[in-house]
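Per-chain numbering from 1; labels A, B, C and D assigned in written order.
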Amino acid sequence: MRGYTSDKDAVLKRLRRVEGQVRGLQRMVEDDEYCIDVLTQIAAATKALQAVSLGLLDEHLKHCVADALTRGGENADAKVREASEAIARLVRS
Amino acid sequence: MRGYTSDKDAVLKRLRRVEGQVRGLQRMVEDDEYCIDVLTQIAAATKALQAVSLGLLDEHLKHCVADALTRGGENADAKVREASEAIARLVRS
Amino acid sequence: MRGYTSDKDAVLKRLRRVEGQVRGLQRMVEDDEYCIDVLTQIAAATKALQAVSLGLLDEHLKHCVADALTRGGENADAKVREASEAIARLVRS
Amino acid sequence: MRGYTSDKDAVLKRLRRVEGQVRGLQRMVEDDEYCIDVLTQIAAATKALQAVSLGLLDEHLKHCVADALTRGGENADAKVREASEAIARLVRS
């Protein structure tokens, strides 16, 4: 999260909202709410987590990867490979 | 969640674990952990939420949709349509 | 695809359109078109394939699964399990 | 696809294979093959398209984005933003 400090509060706020959504899901299940409504809420929480990921990845490209590429050398290749692998995990999750 | 009572505890347990993962994510961000590691953990939490969805959907087909289809009539069609829409939201989330 | 005969033409038409999109992608690559534009077109083809899946699954629930559930017995459970597994593959693809 | 020339043949080969998969899907539908089997094959074609996307994106980061970042300036920011948007489309497709 180095270099992310400017956005740290925004990321934390989003994650706290996701935590609230997951707690809301538990209440829905405890109250025997209708399955389809629970599924709709899970889709919303999943999308919120995905939005956090995409935001972090954007920052990561802008800062960590950009820094490594500007400096060049082996580390630059490693950073790009690492970012590509993270994108692949994101796409497949 | 009607008809899900048998699995209610299992679903709640899984959702509490996801809540723990999301709290863990907040700690990682607060501690300025490396962005790629945060992304890996978000992918894990997303997969866990997806597994809850798939479990709920399976139960929903087995119980609600099956009941409606056994009884037949207009409600059966409506239940299948509703399930298909939930699947579409799941696939696109 | 039994029971799908009514929609067969529509499904085939959609698949032929996807085939055209994939051939268009080959031309884009041959013509050295800009990578980001190629990615946008791949996303469109992927969405088109997904729409075919969701349509087929909806039909499958309405016909095959509904028939099995109406008849009841072991086969009904097997059909629901099979559908749930197909949904899981769809969500994870 | 500039800068991708080295991989062009590999990308084209993969896309031709996807085209073959989509044609195979049409035959399956024409032959009234079982819906679940068609869904399994669509999932395979979708994964193949996704793999092409991830490969192109990796190359794009390594070449186009890396070049822009090494040169710096406004174009570097634009390239990163464009890549992030392509990743978002990929994740949501």
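Everything below uses one rule, namely that a contact is a pair of C-beta atoms (placed from the backbone, for glycine too) under 8 Å apart; a residue touches a chain by one contact, two chains touch by 3 or more.
Which chain is which protein? Per UniProt: A, B, C, D = DNA-binding FrmR family transcriptional regulator.
If you're wondering where the values come from, they're calculated on a predicted model, not measured in any experiment.
*Asks:* As a quick test, compute the distance in whole Å between the mean CA positions of subunit A and subunit B.
*Replies:* For subunit A versus subunit B, the centre distance works out to 18 Å.
*Asks:* Would you mind pulling out the distance in Å between where the CA atoms of subunit A average out and where those of subunit D do?
*Replies:* 22
*Asks:* How big is the gap, in whole Å, between where the Cα atoms of subunit A centre and where those of subunit C centre?
*Replies:* That gives a centre separation of 28 Å.
*Asks:* Give me the residues of subunit D that touch two or more other chains.
*Replies:* Those would be 50, 53, 57, 83, 90, 92.
*Asks:* Touch graph of the chains shown: is it line, ring, star, complete or other?
*Replies:* If you draw each chain as a dot and join those that touch, you get a single closed ring.
*Asks:* So which chains actually touch one another? I want all the pairs, not just one.
*Replies:* Applying the touch rule to all chain pairs gives A-B, A-D, B-C, C-D.
*Asks:* Which part of subunit D faces subunit A closely enough to touch in the complex?
*Replies:* 50, 53-54, 57-58, 61-62, 65-66, 69-70, 72, 76-77, 80-81, 83-84, 87-88, 90-92
*Asks:* Would you tell me which residues of subunit D are touching subunit C in their complex?
*Replies:* The touching residues are 1-2, 4-5, 8, 11-12, 15-16, 18-19, 22-23, 25-26, 28-36, 38-40, 42-47, 49-50, 52-53, 56-57, 59-60, 64, 82-83, 86, 89-90, 93.
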